[in-house]
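Right, one structure below, let's go through it.
Labels run A, B, C and D following the written order; every chain starts at residue 1.
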């Protein structure tokens, strides 16, 4: 079985799962739905593994599989075709692998929900679109997946649609994604105009021959980056992601941590040829990434909802990845995508396990002391936290330090921001852990007695992910530790080549040391504050210091957007409707009718009814006509 | 000599028709109108249109004028019953009329058909000739005109009938 | 009679035109200045006759009998018109006790 | 030729039969409309996708004026003919739940309108085109005036006078072209071959453009539309928005571009600006609409603005996008209005704030409504995406800023459509919606057909693009050739 023969099965299976579960959502039993839903993903995963290994043994690293002609108009031809190369094959593994674990987890987590079948069909659909996104051999197929995952995100965030706040969050996510999508689409148009094609295989070779700093390329990459900003929740479009936590927790783990939000990084890594030639764009990406990382980390410091903390942490980590992309560390960023997928999925699932145990209580102020009650969850989450905090030898350490080393080479200021963010990350993650698991239980005794460890279907994925989060770093072990940077070699087969790191080993050690020390200080500070000091975040209305207030209210970004965008647009809308449309344009139209009416009212007075006058006018008319013919004809 | 006859009769026509419109009493108007029509009959004769002359004499002077007189007497009108128009209207009317004639004459002058009238066919206006025309190419209009007359008769009768007592 | 008509040949056509134009105008002036419906009617008859005469003159001029046939039709029409018109006037008089056309000013709006 | 005549006059015959059918009018009209759909599909099956005019009928009609009954189908016509014959049965089926008084007249008028529309879409003679143009207006006037909602007489009057005023300009244009035509006929090929200077072309452009712009409608000629859509009976709204507005678009493609290319070139900038203003303006207005039907009406203006922008960009992508989008928009908007009609007939309200939580009570409706909404907001994989993508690409070739502004429709469309969907379907049920019955019977049938079309055409749009490709290319070549020959 060759890759060409197998690849179409990978997205098709989840799609079949979607169709079966979607149609049978009311008739199939929950067990069957779960088996079908998870089974198709597992099958996909197995095929992906086969593909991955056959690709490894293959000399030809890139296979294009043509399915059918999709759109053709004039010179534009868009085939529906797949591209299997190292980059996409590894994405396949993540999506189907982590996807399967999360499906498995969901069979238990969502068991009591009446929308069980619907949930699984949506999840399968999401996997299908995500696979389409990474498999597409041109930007348009990628765009189908791109928007498709947005749709699934919309559906899953608004899964409990009877709560209108959730439905609003879903809409917000969709609309903000669409803002980015417009940028993406315009970028694609520009590419089509410039390169005459939207195929990767036609664009990249052409671009490779160009000089850096080409203005069109800069514009293309900026537009693509705008697209990535929307999908991967970067400043200024990140506010949808924290709201997206309205969805069920497995969704947050799969879509809003491990896969969909990293689509932007995937896309930029895929187009790294273009981005390499646009240093100006890279500069912007680095700055936006660093700023996002910092801002989100600051916000995460004071959040009290366990999922919100993780959400801001995700935004912050995504900022890291963009920082990496901006400074040219494509492999590093992609490496971080992998490790982040492991530990963030783990953390979300762990949080889900906590929430499940707490009967859908998400506020950390009501938790505490859960370590005894939920030992597996605690242990696995601890591993995840250590990984994200960047403590060696867990996976996060390696990926984060690769990015930071490149950032240092690019600009020490960006590196500084990165380290500060790392410090903050470690702090808020441990704060979350301590608030949740240590100290005393802060709910009622009755509630406490109901807290129990989750079933095996939920803990198994946790354990698997914990292992991955712990050891995931080895896939790209840097040279300084005697590794061979396997991932970098692998990805170079897909044309993703990152800038060489030109630092001495001692500098690298120093950089690593700095960030590790920062993380340890943060850990200790959090320990003294929340375990020794047993502090609990104050209630919502309680007074806070100015900085804490800013952080707690997310820099008032939602309010600002509401004020400078939503409100004015709505005001415009009402103005256009009530004044321009109804009064002005319709006024003119109705005015025309009215004036005709009035004029006829005036003119009809001429019809005095006086027959003599009529005759008089008639004669006048005849005379005038005769005069006219006499004089002019 | 006969050209003089034309001018003489033409002058009479004009004078009589002026009298028609300026006479105060409608009865006088009718009488002057009959005279005018008589001069027209003479004109027809001069043009050798004998059939028309006869028809004019009978229909206009006979039937139509009698109808006018009859109606006038039936309504018992006299000069007091007609409120005269304001002098302004009269003057404006006359001026408008003058404008009309000037325009008409001027435009005809521009057309300038001043070739003398030559009677090429002596029998043109005779009954025989016209009869052939009427019952030949103009048969259908002729028959239709009879319908018209019938309709007019019915209409006149219907109109002048007293209204039924309204319920 | 024969003599008379053959000698008529001398009158130019446009003199007929002038004559008819003048009589027609007199009719128009009558219509304009009088308020008595019957007199207006008579003025209309004058105008019709002016046209009749002109048609006959042209018929003779172009040696075409159709012109005279037309005159015949006009006469038939005039007869019909007078019959109906006078009937209307009688009606109006019956209803308004007047044949002043200024009384008939309902024909508006 | 016989097939074409049958295609055009079958609905007319159907209309006459239906008018006397009394109570069974519903069934008879359904049968006739389905038969004409089958016929249209048969014709499409025999259609050779090249640029030629096929199934041509060219019969003498009013010989003195050089008017002939000249009709034919090329790729552009084929698509709109398919659209018409596809939507009419759907529209008739969608009325099954209604008990309109005097149904015979109602269905006869719909079928009569179909003939008028088909005349417009196949006419190759300007006079015939004009006849069809007006013939299509008469039935819709009566449909709106007899079966419409509150204040229908005044609003209908406005609609009628508005459209007729536009038609008048077009008639003047046609007569002028006829007078310029040395062959003394109304044949489209003769009109194409006319050599007019740019001033003449400018006048003709405006004469035609105003008529088409009112029909579409393009900003600022649109103010009849929201009112009319709101008061018309749902089937009337479907006819208006689904098919009738395509007359304007079709007119631009068939009559405006090839006859006066120089005029189009001179004025397309302005037309483009108007179209794009329309997109943003109507989308913005849709944001805060309180009435669902009115919201969809404004969204329709925005969509049509994009279509016309794509056409005036004068390139292959834009034009083919316009063709596809005509079909897609027809299907989607009919679906939307049908869903709104279902909601209205159960809750007796169109007010967005009074609704909510319907998804809970009617999950099937929620799914189909969502699919239609997604088609409208042009999600990839739905029919709306193909059209909007090609259109935006066409507009992009005209200028990047125009595309950027026109592209706002992607964002704005999502905002107002999802806002409506959320407020109507999601959230808590209230007293109005608690006992909402899910869709059933013909409602299900119609909505499933629509959803299937949305997805199938979105995944595999190739047949549509294939049908139109050669004709569109030919048309653009014609335009360009004429433009270069003038210079």
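Structure notes:
Heads up, the rule we're going with is that a residue touches a chain if its C-beta (ideal position, glycine included) is under 8 Å from a C-beta of that chain, and two chains touch if they have at least 3 such contacts.
Predicted model, so just to flag it, every value in this text is computed and none were measured.
Averaging Cα atoms per chain gives one point for each, and the point farthest from that of subunit D is the centre of B.
Simply put, of A-B and A-C, more C-beta pairs touch at A-C.
Taking the mean of the C-alpha atoms as each chain's centre, subunit C and subunit D sit 61 Å apart. The centroid of the Cα atoms in subunit B and the matching centroid in subunit D are 65 Å apart.
Here the CA centre of subunit A is 99 Å from the CA centre of subunit B. Look at where the CA atoms of subunit A average out and do the same for subunit C: the two points lie 95 Å apart. In subunit B, the residues that reach two or more other chains under the touch definition are 85, 89, 92-93, 96-97, 100, 104.
Counting partner chains per residue, subunit A shows two or more touched chains at residues 612, 616, 619.
Residues of subunit D found to touch two or more other chains are absent. Against subunit B, in their complex, subunit A makes its touches with residues 612, 616, 619-620, 622-623, 626-627, 629-630. Of all the residues in subunit A, the ones that touch subunit C in their complex are 604, 607-612, 615-616, 619.
Of all residues in subunit B, those touching subunit A in their complex are 85, 89, 92-93, 96-97, 99-100, 103-104, 106-107, 110. Within the complex, the subunit B residues that touch subunit C are 1-3, 5-6, 10, 13-14, 17-18, 20-21, 26, 29-30, 33, 36-37, 40, 43-49, 51-52, 55-56, 59-60, 63-64, 67-68, 71-72, 74-75, 77, 81-85, 89-90, 92-94, 96-98, 100-101, 104-105, 108-109, 112-122, 124-125, 129-130, 133-134, 137-138, 141-142, 145, 148-149, 151-153, 155-157, 159-160, 162.
By the touch rule above, subunit C contacts subunit A in their complex via residues 28, 31-32, 35, 101-102, 104-109.
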